[in-house]
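Questions regarding the structure given below will be posed in turn.
Lettered A, B, C, D, E and F in written order, each chain numbered from 1.
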Amino acid sequence: MKYPLSPDIKPEFCTTGSFMRLPAERENAKVAIVGMPFDTAASFRVGARFAPQAIRQASMTLFPYHPIHKVYPFDETNAIDIGDVSVIPHNIHRSYELMEEAVGELMKKGIVPIGLGGDHSVTLASLRAAAKVYGPVALIHFDSHTDTWDTYYEEKYWHGSPFIRAHEEGLLQPSKVFQIGIRGTLNHPGDVEESRELGYNVITTDELQNRGFENVFEEMRTIIGDTPCFLTFDIDFVDPSCAPGTGTLEVGGFTSKETLQMVRSLTGFNYVGFDLVEVLPPYDPTQITSLLAATLIHDFTSLVALKIK
Amino acid sequence: MKYPLSPDIKPEFCTTGSFMRLPAERENAKVAIVGMPFDTAASFRVGARFAPQAIRQASMTLFPYHPIHKVYPFDETNAIDIGDVSVIPHNIHRSYELMEEAVGELMKKGIVPIGLGGDHSVTLASLRAAAKVYGPVALIHFDSHTDTWDTYYEEKYWHGSPFIRAHEEGLLQPSKVFQIGIRGTLNHPGDVEESRELGYNVITTDELQNRGFENVFEEMRTIIGDTPCFLTFDIDFVDPSCAPGTGTLEVGGFTSKETLQMVRSLTGFNYVGFDLVEVLPPYDPTQITSLLAATLIHDFTSLVALKIK
Amino acid sequence: MKYPLSPDIKPEFCTTGSFMRLPAERENAKVAIVGMPFDTAASFRVGARFAPQAIRQASMTLFPYHPIHKVYPFDETNAIDIGDVSVIPHNIHRSYELMEEAVGELMKKGIVPIGLGGDHSVTLASLRAAAKVYGPVALIHFDSHTDTWDTYYEEKYWHGSPFIRAHEEGLLQPSKVFQIGIRGTLNHPGDVEESRELGYNVITTDELQNRGFENVFEEMRTIIGDTPCFLTFDIDFVDPSCAPGTGTLEVGGFTSKETLQMVRSLTGFNYVGFDLVEVLPPYDPTQITSLLAATLIHDFTSLVALKIK
Amino acid sequence: MKYPLSPDIKPEFCTTGSFMRLPAERENAKVAIVGMPFDTAASFRVGARFAPQAIRQASMTLFPYHPIHKVYPFDETNAIDIGDVSVIPHNIHRSYELMEEAVGELMKKGIVPIGLGGDHSVTLASLRAAAKVYGPVALIHFDSHTDTWDTYYEEKYWHGSPFIRAHEEGLLQPSKVFQIGIRGTLNHPGDVEESRELGYNVITTDELQNRGFENVFEEMRTIIGDTPCFLTFDIDFVDPSCAPGTGTLEVGGFTSKETLQMVRSLTGFNYVGFDLVEVLPPYDPTQITSLLAATLIHDFTSLVALKIK
Amino acid sequence: MKYPLSPDIKPEFCTTGSFMRLPAERENAKVAIVGMPFDTAASFRVGARFAPQAIRQASMTLFPYHPIHKVYPFDETNAIDIGDVSVIPHNIHRSYELMEEAVGELMKKGIVPIGLGGDHSVTLASLRAAAKVYGPVALIHFDSHTDTWDTYYEEKYWHGSPFIRAHEEGLLQPSKVFQIGIRGTLNHPGDVEESRELGYNVITTDELQNRGFENVFEEMRTIIGDTPCFLTFDIDFVDPSCAPGTGTLEVGGFTSKETLQMVRSLTGFNYVGFDLVEVLPPYDPTQITSLLAATLIHDFTSLVALKIK
Amino acid sequence: MKYPLSPDIKPEFCTTGSFMRLPAERENAKVAIVGMPFDTAASFRVGARFAPQAIRQASMTLFPYHPIHKVYPFDETNAIDIGDVSVIPHNIHRSYELMEEAVGELMKKGIVPIGLGGDHSVTLASLRAAAKVYGPVALIHFDSHTDTWDTYYEEKYWHGSPFIRAHEEGLLQPSKVFQIGIRGTLNHPGDVEESRELGYNVITTDELQNRGFENVFEEMRTIIGDTPCFLTFDIDFVDPSCAPGTGTLEVGGFTSKETLQMVRSLTGFNYVGFDLVEVLPPYDPTQITSLLAATLIHDFTSLVALKIK
């Protein structure tokens, strides 16, 4: 390779640093951070291509031990950070292929990928990879939107459609899909109803609050059981006060304290992959969104470490 | 009219865009957004003159359907946006007249105005208009301050006095005035007591939390009944974490989730007008304050739509 | 049309306001502002989709008369603002077609379009329209980059290639193309040389300063003469201190005072179209970039007015 | 006095700190800094009420010696900072009286006031005070606008009219008024011509550059001679890249280096007062506008020190 | 003293203004605000040296009366603000001595100091002063970190160690130390366990929430009783949404409403001193962190006023 | 090594990424980037510890070829980036030793270090290393301050003293020291005179402008000749409009265009080291300061490449 890496060899929005300064390779790795800086499928604000960089930078202040779960997640999983996939902003399909390939290679080695999006469309690439290795998977989906809109001005692939595309492609076990935290204004009632018609479980913010997340998650645990399970977390699940740096904000969400309590209770699933999407650093002047994202990555890794243990 | 509209024909802080891109006219309109970009009556930070513009811009990401109330508020009310009143920053009284006139015209046609302030003094103009059409009205007032201070350095008309002036002018039915969310340090105990002496119901943040908003609102519903009712919402009711872009912040308020729950429970009143005041875009770098404001406008419109239905 | 305009009827990044509050239609219009909020072809920072909105907002403080040129450009040209083209972020080619159509319609009516980009790839759409109406045109191109790179990760259509594509498509008269202000680091010397091999005149920042812009422009005037001429202005021509809100900044540019002097000297060309591209509002906290852009639009309109007069 | 100073005893936008931590009183003071935090007369952006505070804070990094003029201006003039006038945002006329009184008291004691605005209308108060003590004065006026518009929506007192009002009130010697740096779009040619018809010398940015400031100032020195002279500096004289934090920006101004060279050449005038207006801290995220303002105050004080010496 | 105060006489980061514009001296003062702008002991972000200035500025909007406690805290305690200690950024030990001296002098006069940090290491200086006057004291410590790490790259004095140093120096009664709100990732379990081994009571955020703060504080009240008690408040106790402007943020904290409720319940202790540390203004673009800090100072003063009463 | 790198193994402000994504090792390297994130010696604003990270991030948009010098500087020098020295914020002397060691090792191998500060005191460490390898060196010093103040509150080692300390330690050939761009207010005339008394050549901004930089540099070239030469560049040399993100700004500096012209003319010196100091990312919201810094590093590397060639 020729140095320096000119932007025509690797896009200039791709990071060189790593999450918590992890190495790119380690023996017996069980978890791998992978950047997916693709944001062209966004419909409103753009800039999630800078999220992997920002989240890694925010991770510098995290410490290795998780005091609630009592694990050293990155040590116990020999976690690595393989850097960013060289996505191509102007070509959705080639970018999906590149991301699917990167995630798929990890999965084939038994490594759990933790994707740093990117807009939410990147999850489709991960689910394609997952389905090839594990067959249709269960999905735990935190978000304020169902992302099951069909098309956007006739375009099928955008950040509002990954979970209808995944359904069409048979990547998911619909009854084992839980969409958690849905809220906000809609085009019409069908926006949510169509998701239920796909067979998905839609839990709105109101329902989550009224029933109590422990009860909802207990039901989810019963239904999903040991099915290989992917967890996708759209940061706009959280209230804008705690996560202002995202693209399609919905006021009225849960706080970061509530969010962490929920995520920390999600032990016992058979996780085969994670991602965290829709962090937009240009809209995050205090960097609290990136820090929350980095903390959630620490938690996701802990969920894997607990399972290995 | 001569184009372009030079700033000496219409002030340069007046918007041309509209809320959710509503038209300026429609048959059988029942709701009208109206900008009231007057902020000269503020005592500390200024800049609410840019709020109508910012809230309209934030409204671009809202969708037409309200999933909690199950209405399409803007369709069902044939809502319009009549633009901004051409207020004059250096002349409080002429500005009040212009705003009163604009709001009054709407009311006379049976259209419910939703004013986008401006500082809180603009509510006085709306209440003057309302009283002319409906007689003294009931008032649901969300705020961290009672705004019943008498004078500010001998000036009677400022953003801390609209509700003592409205009382003096007989615009309100005092026993049907509810000031909700009052908190923060005071000049002296009288700041709140004087409001009670006017006959108003003052519900502090602590009281609201301790009694539960459902109970407080139930009482309010009983007392106000079918009386024509104006709802004024000062964004500083909400905690600064959720609404940093305002002029006289008080820490320790409710979150946006709690706030939306409260507002969404306020069905069944005989609304004749609304306003949302004290958003200051220059202090809102993440624009979450404007988005919360736009969302509340969506909710206010829904409250009208529900009534019509 | 159904109101409000839901984001699925018109993208939520499209403006409703207008430049200097111009109307959308007028008799005998000779100039039309048209928003081209397409930014998916950018390679690094994104967000130019919000530029039309921001530039229009900045235009509110401009006055109608141009004291250097002694014209009322918007009156004398009966200028209009036709709003934004409903581009589709996820589809470059359909977006180009929509923009070409909008610009072409204006040109066919003898109206000079002034496009508000968007990333620099939008110019290709305008040049396609121009060539259909006028045949191959001359080009005055202010920029710090030649934008004649062939492909970006094998993609042919991106914001670094419009002027090689335009060449291939025969939209330009190569010897009448002037690229002015080129500077900054390169992949290799060919980045600039290839532009010269296309037959273009490349004037670097250093050459412009050493020769004096009056001399360079005099030569340009001689060569271009009366040929129908398009002027495209990438805001990164200007130094980042005066235009921080753009995507691929190059330090070491001209100031806004120098830039205005240059642009104001460009009288006497047979302008058939203009655009101003690569303003990125999310990176423009003080809004001085948008204000400079709005001022340049005022100047471009004046150049048309002078010609009509 | 009762402590703490509640906002109803002194407005909360009034500073307690002082410029370069000067004392409020000293024997034989020849210069006094005085805050004039009045901004209600502004027509667009507001917030200059916070300028005295911000400029004082920025002054903390200045050192006492001026190496170009070779003076210790604050020592040699026994400079003091008398704090802010308690202006009343909602009452222009009472505010003018209070400011005139504060400035007049200083002038009567032979102290040269340096006012920290505030919007440009505060200069009228200072000129009233000056004319009472010295008779009509000469004026050196740096600005991008002439501020001789008659009315704003029929209001006579606003930040665009101080120099027509001053003319009407006979506060100036018109032939000894120099308006320097005028630029930007206009309502009509009369905006500048009317100023010349008042007898003022209007030097546009272009003229200043073409003639050379030394030549312009030499002529000014000849005409003004020993006449008591007031220097008013609107920060929007400077280019927005160097002074983004102001209310009605005009691109295309001089840099801060050029500006300091001009101001430093203005020795030899019989200064009786100064002010620096239109700094808007809420629009100055990097605080470079306040720092430039503070540096200019250091220079103004030096000009007085040089005269005393 | 020679004026102006050049930065070589008093550091340029020291304030001249005062909290709520309090005087520097008053008869029978019982509370004194004192700035401790020392931040060199921080391990990550720096800038707390500007906190005293920013908190004082934020205090301008507070009013004198505390409506929950029904006191005028600053009147009833004759509170003063003695300005900032002239700390030396490059010398930790001399800075500690200067701060200890300033705080000690107040304590000897029976005045309760309220320190405005500065990083958390400044508390060591206050505790040294307190122990000299009162013997080992009780400590109520709000924080997300225990700050009992031993060394940082072999350095013993830094903002992560004040409470292990205080223990070694015998400044505290360990069983009467309560560390409240601890959360976040750790180096290893010992980070918290070692604090317990010192004899301290460590209450994590989870424990505080699960047990209820009233119960925790009741126990604390029983244990501490009348022991002279110091309250130290690290602003990172609060969630980043409410206090983004700090150096080592931990997501998942309490809101400002919850925080105020806790602090307001802490009546009945024998307070001998307070401080509020780790506010970093450069990371607080909306200034809500400084406002929360200023409000807490108002509350701390009220706790003293209640005791005097 | 154990992963992740916890902040107690390497400080959390140390970068993992690299400049233009250079490798950490290469055969025959002639240039090495080295981060020196030490900022405790600053007297006012702090935060330069984040500069290496920010400059590396900004470097991502640079391309490998330098079109003015016609070199591929990073290829031709086999440039590497060895990451950040693990400095200790609380210990100036240990930090100097660590930096001196890192820089010294490079110099001994014949590699030219390019240090990314850090405050200006880090240059002392580099000069100590240089003098050990090369004996006393020549110095080209761009800055608005001479940094030859003796002590700061009795402390000898701070960012205002490196060049008096270097003189005392015999690290420089005084007659071959050029301090270029000095400007701004002073404590007293001696601030500059004392530098001249040390034998240094002090060129103020005014002198540089009046004489023309070509003439000044020609003289400098004659005097320095082939002496091993260190170039230190304090970003506050440049005007705040082009470099707002620094700690002790002085208005009235050169633009970035002028600055690049100067630096690009500095061919022919026998460079043994460079550094670029005092970039403060927390004060650089538009990141133009970091981009200018990164561009200058590209230029410095080119100056080495030209010499090798």
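Quick note on the criterion: a contact is a pair of C-beta atoms (placed from the backbone, for glycine too) under 8 Å apart; a residue touches a chain by one contact, two chains touch by 3 or more.
From a predicted model like this one, the values you see are computed outputs, not experimental measurements.
S.K.: Under the document's definition of touching, what chains do chain A and chain E have as common neighbours?
M.R.: B, F
S.K.: Among the chains, which is located farthest from chain D on the basis of C-alpha centroids?
M.R.: For chain D, the chain whose C-alpha mean is farthest off is A.
S.K.: So chain A and chain B: same face meeting same face, with over half the numbers shared, or different?
M.R.: different
S.K.: Which of these, A-C, B-C or A-B, makes the same contacts as A-E in over half of the contact pairs?
M.R.: A-B
S.K.: At what distance in angstrom does the C-alpha mean of chain D lie from that of chain B?
M.R.: 38
S.K.: Round to the nearest whole Å and give the separation of the Cα centres of chain B and chain F.
M.R.: Measuring from centre to centre gives 55 Å for this pair.
S.K.: Distance from the CA centroid of chain A to that of chain F, rounded to the nearest Å?
M.R.: Here the centre of chain F sits 41 Å away from the centre of chain A.
S.K.: At which residue positions does chain B touch at least two other chains?
M.R.: Where chain B meets two or more other chains at a single residue, that happens at 6-7, 12-13, 44, 61, 63-64, 187, 239, 241-242, 255, 283, 285.
S.K.: Following the definition at the start, I'd like every touching pair of chains, please.
M.R.: By the stated definition, chains touch in these pairs: A-B, A-C, A-E, A-F, B-C, B-D, B-E, C-D, C-F, D-E, D-F, E-F.
S.K.: Chain B touches which residues of chain C in the complex?
M.R.: Touch list, chain C to chain B: 2-7, 10, 12-13, 15-23, 26, 53, 56-57, 60-61, 63-64, 74-75, 79, 285.
S.K.: Give the list of chain F residues in touch with chain E in this complex.
M.R.: 6-8, 11-13, 39-47, 49, 86, 88-92, 152-155, 157-158, 187, 282-283
S.K.: Please give the residue numbers of chain F that touch chain D in the complex, ascending.
M.R.: 44, 184-189, 191-192, 204-206, 239-242, 244-245, 248-249, 251-255, 283-285
S.K.: Which residues of chain B touch chain A in their complex?
M.R.: Touching chain A: residues 61-68, 70, 72, 239, 241-242, 255-257, 259-260, 285-286, 288, 291-292, 295, 298 of chain B.
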